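Take a look at the structures below.
Across the two complexes that follow, chain A remains constant while its partner is chain B and subsequently chain C.
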Partner chain A sequence: MKNSYFPGCNLKTEAKGFEQSAIAVSKELDAELVEMPEWNCCGTVQTMTTDNLMRRIAPVRVLSRASKHVKELEGSPNQVTTLCSMCNSTLKIVNAEVKENPNDLEKINFQLENDDLVYEGDMEVKHFLEILRDNVGYENIAKKVTNPLEGMKIASYYGCMLLHPEKAKIDDEEMPTVMESIALSLGAEVVDWPYFKQCCGSYHIVDRDDIVNSQVVKIIRNAKKTGANALIVACPLCAYNLDNQQVELEKLGVEKDPIPIFYFTQLMAIAMGLPQKVNHFEDHHINPKTLLKELGLLGKKK
Partner chain B sequence: MRIGVYVCECGKNISATVDVEKVVDYAKSLPYVASSRVYKYMCADPGQELIKKDIEELKLDKVIVAACSPRMHEPTFRAAIEDKGLNPYTLEIVNIREQVSWVHDDKKKGTKKAKSLVKSSVMRSALMEPLDRKKVGVTHKALVIGAGIAGIQAALDIAGSGYQVTLVEKTSSIGGKMAQLDKTFPTLDCSACILSPKMVDVGRNPNITLIANAEVEQVDGYVGNFEVKIKKKPRYVIEDKCTMCDDCVAVCPVIAHDEYNQNLSPRKAIYIAFPQAIPASYIIDPDDCLGIDPLICSKCKDVCGPEAIDFDMKPEIIEDEFGAIVVATGYDTYPIENLGEYGQGNIPDVITGLDFERLISPGGPSTGALRRPSDGKLVKNVVFIHCAGSRDPAKHLPYCSKICCMYSTKQALMFKHEVRDGTAVNFYIDIRTGGKDYEEFYQRAAEEAKVVYIRGKVSELIQDGDEILVKGVNTLTAETVELHADLVVLATGIIPSQGTKDIASVLRLSLGINGFIKEAHPKLKPVETSITGVFVAGCATGPKDIPETVSQAGRAAVRACNIIAQDEIEVEATIAHVDEMLCRGCGVCVETCPYSAITLIDTKRFGNTYKVASVNEALCKGCGSCAAACLNGAINQFGFEDKQILAMIQALGEE
Partner chain C sequence: MAKTKSKTKAENQTQMVKIYIMGSMYEVPSSLTIMKAIEYAGFKLTRGSGCRAGFCGACATVYRKEGDFRIYTALACQTQVEEGMYLTQMPFVPANKAKYDIDTLDPIASTILRYYPEVARCLSCNACSRVCPQEIQVMDYVQHCLHGEIDKAAAVSFDCVQCGLCAIRCPAEIPQYHVATLVRRLHGKYNMKPPETLEKRVREIEDGVFEEGFKELMSLPEDKLRHKYYHERDFVDQKKA
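Moving on, here comes the complex of A and B:
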């Protein structure tokens, strides 16, 4: 099966390891992510902060182009897959809104005429986690594991965007299980911890890193308290805040012994024995290789 | 044929949006109409007199009243015309209030609609025939289902009027939820101390037959003559022989959860629910016991001096007849497992209000010293969260559970009395103190006992080391609040009990949108149900406090006595009847009938035997479902014959 894949900005810059590991893993699991052509910004926070229909044009353009793309892919369902939680949330909410309000869709489509595009409201938006859970299945992930993640104690960090709001959530907002189930099928241990959806501080990193620091320290301390030695995330912004600010906190003398932050797909790539270069660990602020070496998980091939 | 049409102004209720004079003039122009008048309040005595006088002077055969819903005053006007020798079933009511004036604001359109409705009713009235009222005998005995405080009170009140009453309880003892409470608001008197005298009275009263550990399986029949099957589960201990010596408990090797203590303490497989339990006898839980089948252990039987233990007891079906039934099946609390934001039951020190009652009770798992479930530590800081699952239409229950403000306040006060230097914090949406002395009680807690009240919801509970981190908001200061607690008590809302749902399906009672039993009228018939002769008391109809439950039980008892005190009672006259020549015995009506009033019987026709439908006149409620469903038009309903309905439709179509 091939899936039309919408990357979004971060996946090409800060989160190359997320994208490339995800694509590598998707090929292994026969759920290949194929990048859609001519994609643009999902619209991100700009889209959701006002009721202005102008702000919905960017995501609808993405949906209409993805709709074209799936017709070119053989046997692809009418869905576009995202990796970034924010893109997933924005596209899902806008998709639901225009489906509910055909008049709004008509107005937006009018604006898309210049691009010779029209969106019919025929697409579904999926996060890659949903594809893994619903289309691939945990057993099939487990079957591909050649390098079980023995010794890893993982705290799954969902952040806010994967579980809220109702229209965009990918799992139960109070007790999500998808990331834990994936970690378990990779042979890792998971911890039961309450901070799985505590806000990471989000865009405050731009001008108020003190707010982000206070969130990160709570999250990391709780993860350590429950015995976790790594966090997995599905959002480039969460990853940046949790990763970079741990280093900052260490510099400030607030918290020692940082724990590495992984995208869930990076751990999948390691467990499946895929080439190391897809993970782009050099982009991380806390070197994940230290832990992987300690546990003897590095450099194993399938 | 001489018909009188009487149009009511209902003060301004009708006349504001319906030109009543025009309706009267129009009625006069219709066929058969001999007289038409308007009056300010037709239901008042002068209004009724107007009708009576016309019947006499103008020799009317039929009367039409255009006023409010027939649910309000049909009996009033039926009695009025019967007084003057007319058959009460020749009365026709046109509802021009609820169906016209209250729902329209355009007087022109309202008047037009009222005219049309009057015309269609005249056409129907012309075809109406006098009907006979039927009477049935009555069994002078009542059944009360559920023996919490509502059932106990209803049974005592019926017995106190001198009638026999059978009280059926699902669990091993009567007492219900009230027996689990430590204290009651707003007086802080001990719950057991005020309940146990009533429980003892039930056990002693010669008019009350108590069947505990039993459930009502089946109810047939109708008002005055309900045939009931009760399944009594085996107790494995002979009630009369058990002396409550407690020797059996000491030797029983099985340890199980104690339901009375909210599973917070252990009990044995042979046990008594609580010391004051009625019937005063031990019971064996067959799911836990090793002696029932196969017999692995018989230690209790070996030590039982009075030989009260009988492993061979079997379930027993008790069949009996009753004139009236009171349903008092109570409530459950909203499951903590549904409250994801509060840990879904995975945080051991987040408990429910009922758990708290047991924890602080001297007879509870920690014999009164408030120790928390996780590690037995004495509690210093406790947070009460009101509306846990209530008033949350998006995720949980839409309604207010009514008692939680008061019980959380009570529990906070009890805590402060127990732990003088402790802190009790209440998070609330609104404090609702709608009961006698409730506001004073709340003031006392807040001002004298220094219980802290924070207006706002708690968004999240997080296990933080051995404490619980409570994250919420103070909506009066618009600040977020974070504090640590040793124990968090959720004021979980009230939901219909499983017993309420079960009995509603056995009796075919109508349920409201939230699953509680629906009253016949929310204000004026609060204990009556959709089935004549079946009454309801307590939390089976919705959240209630103890005083309200007790008063309601009293009314339910009186209403039950109203029926069982009579030798015979009238039943519905507008019932279904079958034209056997048209019936083809397909049985659609049998399936359609919600009251099981129709059966297929054999009939001989031209020397052959055919199946035809037959209506039990006592069971039929006259709902008309069968008449509508019958494919051959073989079933008609007295008072609502097809020809009458068609005449109405035709009249409306001519407009």
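Moving on, here comes the complex of A and C:
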């Protein structure tokens, strides 16, 4: 099966390892992510104002272009797949709200019709985690594992965007299981920890890194306390804050022994013995290879 | 300036159209370009006119048509007049142009955002693409900038003539055409191979291969130069070619 895939800006800049590992993994699992042509920024936080429809042109344009892309992909369902949890949230919320409010959709379509493009409200937005859970299935992931992640104790970090709000959540907001189930099917251990959706500090990183630091230190200390030696994430901003700020916290003498941050797809690629280069570990601030070497998980091929 | 003049014989045989230049009505031959029509009406263009061949981007025009709510744009030298056009020229577009040392940059998204942070404000409304007289997908290259796809942004923006119409229509207030200049400079400097032929020619110049020839030319009197230029030169006959 082929899935129309919307990357989002960060997947092309800061989170290349997330995108490339996800695409490699998706091909292995016969759920290939095919990038939609000529996509634009999802609109991020700016789309959250419900009364400023100008801000919602961007996500609706993505949905309408994806709808066109789906028709070009043979046998693809009417859905667009995302990796970034912020893009996922933005597109899901706007998609739900324009379907509920046809008047709003009509106004936005006035802007799109000049480009011979209108959105019919015929698309669904899926996060890749949902595709893995609902279309691929955990047992089929497990079948592809050639390099089980023995010795990895993983804390699954969902952050805010995957579980909230109601319109955008991909799993139960109090007891999510999708990331844990994937980690288990890769042969890793998972930890049960209460900080799985503690906010990472988000955009405060731009001008108030003290706020981010205070969040990151809580999250990381809690993960370590439960015995985790790695975190998995699904959001480039969470990844940046947790990864980069652990290094900063070490410099400030606040917290030692940083633990590596992985995108869940990077660990899938390692467990499936896919080529190393898709993971772009060189972009990480805490070198994930140190732990992988220690556990003898590095460099094994399928 | 008189708004109506008595018609010549030729004018009586020519189909005329009514146009409005900054609110005043003029009758002009329908075969004229907007630029020629403005001059026909008696205006002298001191700005907003350049190469008259669609390359320089100096003659950006904004217009509406009678009974049509949409805003249209064009290059005045490339577009024929139509009945009922309400015209005005954009002789200059105010837009900030960043200063940078191209030798010290990286060809990545954050470079563009450092000099033009407003790029991140793009609403994806596509107003820029719709007004572009070169039919460039302006919004798409602005988005390629955000994705750090310098090569794609350079390719898509390549035909830009810097008329600035995109920048005046943009609700996010992005000076797209200046962003595109930065993008193409980054692409040329960091992504493209230096062309072998250019390097070869520069070496030839430095080695003095052409010095004799130039000396000879510089010593010729004007009449001999003229003869060389107009008669001895290899011409490509455009009509035959």
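The rule is simple: the second predicted complex is superposed on the first by the 300 of 302 C-alpha atoms of A that agree within 3 Å, B and C clash if a C-alpha of one lies under 4 Å from a C-alpha of the other, contacts with A are read in each partner's own complex, and residues count from 1 in each chain.
To be clear about the criterion, a residue touches a chain if its C-beta (ideal position, glycine included) is under 8 Å from a C-beta of that chain, and two chains touch if they have at least 3 such contacts.
Every value quoted in this text rests on a predicted model; they were computed, and no experiment measured them.
Contacts of A:Ile57 after superposition on the shared chain: chain C is touched, whereas chain B is not.
Looking at the shared chain after the overlay, A:Lys12 reaches chain C, while chain B stays out of its contact range.
Comparing chain B with chain C, the partner in contact with more residues of chain A is C. By the document's definition of touching, of the two partners only chain B reaches A:Lys225; chain C does not. Contacts of A:Asp257 after superposition on the shared chain: neither chain B nor chain C is touched. In the superposition on chain A, A:Pro194 contacts chain B only, with no contact to chain C. In the overlay built on the shared chain, the residue A:Asp172 is in contact with chain B alone; chain C does not reach it.
On chain A, the positions that touch chain B within their shared complex are 172-175, 192, 194-195, 222, 225.
Those residues of chain A that touch chain C in the complex are listed here as 7, 9, 12-13, 38-41, 43, 54-55, 57-58, 61, 111, 114-115. The residues of chain B lying in touch with chain A in their complex are 340-341, 343-344, 346, 460, 462-465.
Of all residues in chain C, those touching chain A in their complex are 108-110, 122-126, 129-130, 137, 139-140, 143, 146-149, 171.
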